[in-house]
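What follows is a pair of complexes built around chain A, which joins chain B in one and chain C in the other.
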Partner chain A sequence: MKKNWWKVLAVLLLIFTVVAGMLTEVPRLAILNETIRNLYFHVPMWFGMTLILLISVIYSIKYLRNPTVRNDVVAYESAKVGILFGVLGIVTGMEWAKFTWGEYWSNDPKQNAAAIGLLIYFAYLVLRSSFAEQQQRARISAVYNIFAFAALIPLLFILPRLTDSLHPGNGGNPGFNSYDLDNRLRVVFYPAVLGWTLLGIWIINVKSRLELLRQRLYETV
Partner chain B sequence: MKLFRILALCCFFVLSALAGLQPAQAQTTEAEASVTVVAQPEVEMADILRQDGKIYVVVAVLLTVLVGMIIYLISLDRKVGKLEKQLKDDLVNQ
Partner chain C sequence: MVLLREVLSLIQKDLVLEWRQKYAFNGMLLYVSSTVFVCYLSFGLRSNVLTVPVWNAVLWIILLFTSVNAIAKSFMQENRGRLLYFYSIVSPQGVILAKIMYNALLMLVLALICFVFYAFVLGNPVQDVPMFLLSILLGAIGFSTSLTMISGIASKAANSSTLMAVLSFPVIVPMLLMLIKMSKNALDGLDRSLSLDELLTLLAINMIVVTVSYILFPYLWRS
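Then we have the complex of A and B:
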């Protein structure tokens, strides 16, 4: 139990996110109306994805420095959970966009960049599955993972800001903090980011342990 | 050592929540003041859903989904834990 305190924390934060996210006061904004509450569910997917993919890169670098099976497995499982978060982020974003921007896909620079970023990570999965030899697979996909992350960060956080975008904080459009990410939103938003990210880390934890068990089983048989 | 870390984390959360709440209250009073000065255009919100108390139905459904998912994840976690223990025992017995 002591070792798993962060899992308890994840559950508490997520319950808080749902209850407070639905019931607390939010700014009354035209067009957005109640959909501003998506801030607690859509945006944490992207924050969570970035943090989880960062974990993946760290384990890839660790693998290159110290090639153990564990480092490779954690890097791979983190990348998969990160991709899951990204897909959920893009789908929730499309749903939100339909009712506020009018289209599921309005070729918004950030939407396009996020799609490109996800494609880069899909390529990681394809690349990984194309090697039969374990060490070769682990090493080459670790190197690719570093480049994928290095491409993702400018795609999500730099390039969309250089042009006009419907997303807040891009182009001439002010960021959430400047006009409507007020303290009422922050009180729920930051716990939400932490809660969703911890949930992702929990899934990585279970999946990595299962994968390591599977590999141990093949060794002993 | 672990316990201290948990305690520190709890303190941090309580403090940050308090720090967040105080300016929020200040802001709402500010917002109220501005409402009285300038008549702001009415923005449609789910006020009726709140008045009817039906928003609690939504919260209940969302919580059910979330708790269901978490219970599933906990059971998976336990199953993997059991397997880990079993494998360790098998290796000792060999």
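Then we have the complex of A and C:
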């Protein structure tokens, strides 16, 4: 139980996020209205995705330095969970955009960058599936993973800042920081980010343990 | 110093090989000219269809596909024995740097030929030609830096030509977007300071990609 306190914390934080996120007072703003609550669900997905992909890259680097099956499995599972978060981020973002911008997909630079980012990681999955031999697959996909992450950084953090976008925080639209005075959002937002990320790490934990057990089973059979 | 000498001799070897065979270069030249000609035929029926943004986009798409095809060969053409031979006499850093530089040179020549031919056939709306040539130069370097590493990765896999396309497009799209915007500015003859942001970002992306390739290639090479 002592080792599992963070799982309890994740559950509590997520319950808090859902309950408080739906029920607490939020700033009344034109156009946004109640959709501002998406801040607790959409934005943490991107925070979580970036962090989880970072975990994946760290394990890829660890694999190159110290090739063990565990490092490879964790890197792979984290990349998959990162993709899941990215897809959820796009879906929640599209749903939100339908109500505020009027279209699910309005060719916005941020939407496009997110889609390209996901394509990079889908390519990672395709690359992995094209090797038969385990060690070669692990090493080459680790190399691609690090390379892809280096390509992802300018995509997510530099390019969107150079262009105008409808997205909050760009092109004169108020971003999260302009609600600085309103601490009601922050009270739920930070626990939400932490909760979703912990949930992602939990999924990685369970999935990689399962994968390692499965591999051990195949070895012995 | 040793690294520099290795890189130079590897580039020289690639150039000599290319000069003797003229296989890849002529093939790519034919590829470029037939693509441009197909564009001419498909747009030429109603010549007023080709607005400036379309002109720009089509040129970059042609350049993108040309570079993917040209650079995909860079590791696949090396047979196993020769790779083993390199492995015993030069460092992997030397190999990747030499390949990047050779590909940049090859792409630059191909891109310039492509641009001249394209402008000749489909008209030349470029108002700021030096700036446009600079964007082509950056494009050639950028494509070759990222695609060289990708082709190294793809050449290890079984169905490498499909994989090459799948792996390279997402990685190259950010670069392509910057390039298209920069060359659009040059096409419209806008003030050069407006393109400075794109220029610096492109240089930064190139730096990142070269550094990462330099660090990662030894691991790829070992297999």
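The rule is simple: the second predicted complex is superposed on the first by the 214 of 221 C-alpha atoms of A that agree within 3 Å, B and C clash if a C-alpha of one lies under 4 Å from a C-alpha of the other, contacts with A are read in each partner's own complex, and residues count from 1 in each chain.
Operating definition for what follows: contacts are C-beta pairs under 8 Å (C-beta built on N, C-alpha and C of every residue); 3 or more make two chains touch, one makes a residue touch a chain.
Keep in mind the model is a prediction, meaning the values are calculated, not measured.
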{"item": "Chain B versus chain C as contact partner of A:Ile146, first or second or both or neither", "value": "second"}
{"item": "Which of chain B and chain C A:Leu210 touches, first, second, both or neither", "value": "first"}
{"item": "Chain B versus chain C as contact partner of A:Arg186, first or second or both or neither", "value": "first"}
{"item": "Which of chain B and chain C A:Val91 touches, first, second, both or neither", "value": "neither"}
{"item": "First (chain B), second (chain C), both or neither touched by A:Leu64", "value": "second"}
{"item": "Touched partner set for A:Leu9, first chain B, second chain C, both or neither", "value": "first"}
{"item": "Doubly contacted residues of chain A, that is, touched by chain B and again by chain C", "value": "none"}
{"item": "Chain C residues touching chain A - in the complex, by the definition given at the top", "value": "146, 149-150, 153, 156-159, 163, 166-167, 169-171, 173-174, 177-178, 197-198, 201, 204-205, 208-209, 212-213, 216, 219-220, 222-223"}
{"item": "In the complex, chain A residues that touch chain B", "value": "2-3, 5, 7, 9, 11, 14-15, 18-19, 22-23, 25, 28-30, 33-34, 182-184, 186-187, 190-191, 199, 202-203, 205-206, 209-210, 213, 216-217"}
{"item": "Residues on chain A engaged by chain C in the complex (per definition of touch)", "value": "64, 113, 116-117, 119-120, 122-123, 126-127, 130-132, 136, 139-140, 142-144, 146-148, 150-151, 153-155, 158-159, 162"}
{"item": "Complex contacts: residues of chain B adjacent to chain A", "value": "2-3, 6, 9, 13, 16-17, 20-21, 23-24, 27-28, 40-41, 43-46, 55, 58-59, 62-63, 66-67, 70, 73-74, 76-77, 80-81, 83-84, 87"}
